[in-house]
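I have a structure I would like to understand better, so I am pasting it below and will then ask my questions one at a time.
Order of writing sets the labels: A, B, C and D. Residues in every chain begin at 1.
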C-alpha cells in the first residue's frame, strides 16, 4: 500500500494538472486507482492465458492523452504497483526510476498517436493467435462475445519493413504496425503475436480474452469440415454498440487472478 | 447463513402456499435448500467450464410451476444465496431487491411456458459448443454419458427473427428459441451458445457438463478421419430411462467447485 | 486411520488364510496396505483425468485370487479406506456393509476369471479414448511409454450382445467384453469407454495414464497429415519386458493427487 | 538448507580446482548456487508440462567442462538439492551416494562430448513433440519465441542402430543420437521424445517450453488448412543473437513451480 501511494504521488507529479474541459462526466479516477487497475489488468491477462512471461498492457492517461501507463520490463503476472511507469508519446519513460523498459514499448506510443479513440492496448503472443498470424486463413467472428472480430483482423507482416529480428523495437516499425491495424480492434503480427485495442482497460482485457476464445473456436469449426455460418457484420455492429461489453466478467477474472 | 435464511424467508413470502395435490411423494425441499442448490449449481457450472463470466442456470419452483429461481445479473462463480431471485412467467423478477437482471432471462420464462416437463434450464456459451452452433455438422452422441444427444440437438438461428445484436433480450425472441428447442434436451444457438434443459437441477448440470464432453469427443473423432459409430437412438432411449443419471458426480463437482 | 484399521480387519476376516505356497518372494502386503494403495489409485486416476465422477479400479487380492478389492459406488476422487469392499468372482460383495455397488462391477469379476495373469483392472470413460472407441481408426503406439498399445487395442461393441442401455450390468455382458479383450492389455468399448489391465495396481494406473496420452498424441499425428512411424511390435515387446515400467511416476502422481 | 550445503561441499570436493584461465568474466557461481538452479530447473520443467514423471535436465559444470550435474533417478518435480549428483564424461556418477542413476544418462555425456558449445541439456517426452517425432512433417518455426526451430529440428530414429527397447541406455546409442542432433538446438527421437540443448540452464528450459508451444501452434496452423508463412532462417538468426532470450520468464516460471 505504501508503494502504491508513493507510485501514485509520483504519477501525479509527472502529469499535467487536470484539464477543466475534461471535468464534465463522472469524476476521473485518481492516479492510485489507475495504477491499481493496471496491476489487476496485468494479473488477469496472465491468469487467463493471454500473456505468459512476455507481452504487455498499457492505458492512456485519462487526464493527459499524451501519456500512458505501462509496466517496466518484467513478467505481467509479477507486476506490482511500484512497477507501473508513465511514458510519453516518444515511447520513452518520463521517469524510468532506474528500471529497464520493454523493448517493444513503441507499439503503444505509435498506436496511441495514430488512434485518438484508443485508450488501452494489449500486445500478446497468445498461443491460439499465432496459427492465424502465420496462416492465409482469416479470423472470423464465431459468437457475440467476440463480435469485434467481424470487423476484420488484419495480418501485419514485419517483413514489409525489411529484414528484422521480428521484434518491434523502433518507432518506425511500430508506426507501420499501427498502419496495419488501421481502424480495427485487433491485428495479427506474422511470426510474432497480436495487438488488441479498446476504449477502456476492461474492454481491452475482455477483447484479448475473447479473441483467444474465438481463435480456438474457429480452429475447431474448420476442423469439423462443414459449412460455417460466421457472425455477420451487421449483427456484430449492433452487438458492439454496448459500451459495457465485458464488465460483468472483470470481478470474476480479478478473483481468479488473485488466487 | 444469515443471508441464506433471509433469502429463504423472502422466497417463501413470494410463493403461493404449497398445493395439497403436490404433497404426495417425498417432502418438497425447503426454500433454503432450493437456494443452496442454486448456488452450488452456479459454482459447479463455472468450475466445470460450462459457464465463464456469462451464462445462467434456473430452477422452476417445485411448489409453484409459474415461478423460477435465477441469480441476479452477475458471474455464476460469484453467486451467493442472497443473489438468487424469483421470477415470474413474464421473465420479470417478483422482487428485484434493487438488483439488475440478466438481459436474456426470457430464455428461461419462455422455455418453462413451452415445456411443462422442464424443471431446470442452463444457458451457456461453452467454447466446445460454438463450433457446432456455427457449423452444418450436427452433434451426434459419442457415449452413454451423453445419450440424450442421440435425440438430436437442433440449431436455432436468431437471424430467422430478423436482424438482432445476437442477444435473446425479448420474450418473442425467446419464444422462437423455445420453438427451435422443441421437445429436445438441448439446442444450439448460431453465433451465440446453447440451452440445455432437464427434469432436475442435478440433471441439467450433468447434461451441460457431458454435452461439452461430447462436443470435444465428436470433434476429435471427426479429425481422426475414419468411419464413426455413434450411439444409436434405441440404445440412448434405454439409457435415458434412468432418472438418477448424473447424481453420482454431483458431490464430486460440488467439492471441486468449493476449492 | 481408525477406519483404515477397521477396514483392514474386516478384509482380513473375509479372506482365506494366506496360502503357504505363496510365501516365497517378498512378503505379501498387509490388508491395510492394500486398502491404502486402492485409495491412492482411485485418487490418482481422478487427479490425472483418467476417471471423472464415473469409472472404477480394482485389485485382485494377492492372497486370494478369487477375491478382489473395489470401492463402493461413488466418485473415485472421494474414496476413503472405509469405502473399499471385497468382491467375489460372482461380482457380488462379500460384505456390502449396507452400501450400493457399481452397476458395472461384473467387468472386474469376468476379466479376473478369464485372465489369471491380470491383477488389477481399470474401467474408464477417458475423453481421449471415446473417439477411438467409436472410430474405425485403430489405436497405434506412439512412444515407449505406451508400448503396450503396439500389441493392439481391440474395440468391443456391446451391440453384438443385442440391444442394451450401453452399460455392462450383467455377467454375460461382462464375459463378452472379457472375450473382446482377449489377451491384450486394453480394449475400447464402442459408445462407452475402455478397460485396461495389468499385473499390478501401479502398472494399471500407469497404463491408463499413458493410454490417454497416446490417444491424444495419435490424434495430433493424424491431424498433421504426414506419414506416421508407429512403434513396432518388436520394439514394444522388448520395452514391455521391464516389470517396473511406471513405478517412478507413482510418487509424483500420489503427491499431485493429494493436493 | 543443511542438505544443500552438504551437497555443495560434496560437489566441491569432487571437482577439480577452478582453472585460472576461466577466471576472467563474471565470477563463476558457487556449487551451492548451481545445485539450487538445477533444482529450480527440474521443478519448472515439470510445472510447465515439459517433463512428467520421466525425463531429465543436466548442466555442464562451469569450472570443469568434463563433468555435469544431473539428478538421481526420480521424478523431476520431486528433486531436492540432495538429489543432484555429479557425472563424468563416461556417463557414470563420480559419487553415486548409493542412489540409482537415470538409465538414459548417456544422452547427456555423449552430447557434452560432441558439442563443446552446449552447457545444458533437456531430455523430454513432451506430449506435443511426439506427433512430430513420429511424423514425416518437419517442425517449422511459428514465432520469434521459438526462433531456434527455424534452424531445423532433425528426427533421429533409434532403429538405425538395430532393434532396441527404444531407450538410449548405452553410450553408443547416445553417440548416435548426438550425431543426429548435429549442430542443431533440438532433435526429435522417433517413438520416444526429444533432446534440447543450449548455452545455459535458463535457455535450455526456455527452449524446451517454447519448443512445446511451437509444436502446438504448428499443429493448429496445419489444421487450419491455409498457406502457412513460417519464420525465415534470416529473421531467426537475427533473433537468436540475443543471449538473454528467455531470462524474463525465469522468475515467473520459478514462482509458478513453487506453488
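Observations, loosely collected:
Note that a residue touches a chain if its C-beta (ideal position, glycine included) is under 8 Å from a C-beta of that chain, and two chains touch if they have at least 3 such contacts.
Since this is a predicted model, take the numbers as computed values, not measurements.
Within the contact network of the assembly, the step distance from subunit B to subunit D comes to 2. When chain centres are set by their Cα atoms, the one at the greatest distance from subunit B is D.
Between the CA-based centres of subunit B and subunit C the separation comes to 34 Å, rounded to the whole angstrom.
Across the assembly, subunit C contributes 223 as residues in contact with two or more other chains.
Shown here, the protein chains touch around one cycle, each chain meeting exactly two partners. Taken pair by pair, the chains that touch are A-B, A-D, B-C, C-D. Here subunit B touches subunit C in the complex through residues 141-145, 147, 213, 216-218, 220-221, 223-232, 234-235, 238-239, 241-242, 246, 248-253, 255, going by the rule given at the top.
Taken together, the subunit A residues at the contact with subunit D in this complex read 46, 52-54, 73-75, 77-78, 125, 127-128, 130-137, 157, 159, 163-167, 190-193, 219, 222-223.
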